[in-house]
């Protein structure tokens, strides 16, 4: 049996989660701690993927990053292939899962007592230092929970990936697409094996993270 | 030396205060919501006034006209927050060391060790704030604020997070610590006892404004106005009508009698006859006239009044009697005219519980006239 | 927290390790409509042996595949279930006009789930109240779905049947409904109807417009000759035999 979809999905989901963390945590902090113009609009954009049907979302993304799309054209000129490659699968996974991380991280940041940050200010710490030493550690539990959610969602993305990366076996056929493919072909045995692997991965992740989250405070 | 003048408008509340103090401990005193904490925030740079000027020991921290607004990080003030705001994820040692970055590692460790020792926290170094008692937390909060050697210490209701018996005990300790450290401190409280025990000068707040500022002794003995007197917990504030004023005394018509109050030589009170006037006498200065001894000489202007005890409150070591003066009209304070404070011993000796009719005397020096407003 | 960071680093290294994509070819990427699943499963390995090249077969709904190709999907050749899609892409200069060829005509079959009773032989039988769900491909974008609607309308039972209809995303999906018994019956492609769980009967082809299936080579394919060769194989003696066996009408027969 071909296990390429398993490795592909693990890598895509890991990379997508890292990107989601890198973009989502700062954005969540901005939402929690600042007021800026266009805030609601940006917030809406982030949550939109949870609301739109995945294939529709995938279609609009494809229009953007495909051959004729504005983003696609720029990238191709720079020699970077996005659509219909594993990179698009990462993009799809990010888009589908970022809202989960942003919302939990935002709640985490909001739950940090502002007086603690004020105290740190009176003690001479820069805003940057305050974020790393006070705010982030105290929100870390929530962020961790959000990351796990985001990873699971990234691992399981289907509709968006199908559209922007395509269901190309051996190239972009991620685990969910592979399972779907097997089910369609009524190769239930293979489908079950793949599905079992997906479930196993998520269980290991959840148990592992649960252990980590045993912090003192 | 502190000079604070700030104006800040918030929805439903306006802060407009101005005060200066050179005392060791300045207490911002007043009821909740009067703007005391907001002032502290402005001092620390955690809130920005719409207009104003803040100078601490000749350093301008804020000046709206000149466009100066130092960040909280740059102000070098220590702040003890209400509820302490200790970092729950850091040890006691890490909390205290938090603001001491300017020193090299060895010097830093030494300094932190000093602070911990001085505050009796040495054994708790590795513990975490949630494990500590209220009193311990307060000391950690103090240590954390003082370790970077700030110029001024700001304290926001430092004792309100504790229960009553602990509060009294720690009040003394806190006073001692502040004095030992030798820093100027600005302390916010709504507790009068705290204000008087800890402060040298009181700045009295009400509804976003400063009603009066004075050294504490002056505040009690000569409150600037009826409002201040009320805020400072003065009791027996009653109203009468001026009969006549003279340089050395003031005669007031009250409850069908004429009582005499002494006039201040420095700031004499003068008003036309018939002017309404407020005055007070401290409960402990109203004396029951003993029936087994000859009464005071009326010539001595002792403000003799007769009346009845209509209620009493047991305060433990003393009794507060509610006394109603014989006279036409309604009593000045609801069901009674004056509160009288007698030690329990006296109460029992005079058998006040059963013997309710009494004459009381008030030395005219004990009556204090209040300028209106 | 330290171990968390260590694991994250390990994960990062795995994630960024090179070689996420399988090295290519010479591989021919064939985008094919879902109804070609079984036929191409047999046909592709034969071609691989004959041509000495690898083939990556990507199956999906014709509409989605066409959209993807339009936006630059890395297909070499496109087998659509309806020639209209091919012609549209040719007009947009996405497919090479000169390579266009008809390869089959699809037939619609009335499929009955075996375990739910005797085989239905007539479209009118779909009105039986015992049939609670009838599966067809989505008429919005699936060629077989559109033909199914045409046939049902021609038989005069579309309105009455509408409430019982269940739409499949593509023809394989549609067959699945019937295979699993979720729908008691359905209109599916003849080419994929030969599964053990299902019995089928041909629907009169005059009830709907013909399903002429066309193919063409993609303009930006780096190996157009291989693509053409594949098309020729499908329309060649070996290919035709396989297609016929799977219920397709062949070019020349229609």
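All chains are identified by letter, namely A, B and C, in their written order; residue positions are counted from 1 within each chain.
In this section, a residue touches a chain if its C-beta (ideal position, glycine included) is under 8 Å from a C-beta of that chain, and two chains touch if they have at least 3 such contacts.
The model shown is predicted, which means the values in this text are computed figures rather than measured ones.
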Most distant chain from subunit A by Cα centroid: B
Nearest-to-centre chain - CA centroid comparison: A
Chain centre separation in whole Å, for subunit B relative to subunit A (CA means): 57
Centroid distance [mean C-alpha coordinates] between subunit C and subunit B, Å: 86
Euclidean distance of C-alpha centroids - subunit A vs subunit C, Å: 32
Complex contacts: residues of subunit A adjacent to subunit C: 4, 8, 10-12, 14-15, 18, 55, 59, 62-63, 66-69, 72, 83-86, 140, 144, 162-163, 166-171, 181, 183-186, 208, 212, 215
Contacting residues of subunit B [partner subunit A, same complex]: 44-46, 71-73, 75-79, 81, 83, 85, 87-89, 98-99, 101-102, 128, 130, 144-145, 148
Parts of subunit A lying in touch with subunit B, wherever the complex brings them together: 113, 115-116, 118-126, 134, 137-138, 216-217
Residues of subunit C defined as touching subunit A within the complex: 1, 3-4, 7, 11-12, 14-17, 20-22, 29, 34, 37, 56-60, 64, 67-68, 70-74, 172-173, 176, 179, 195
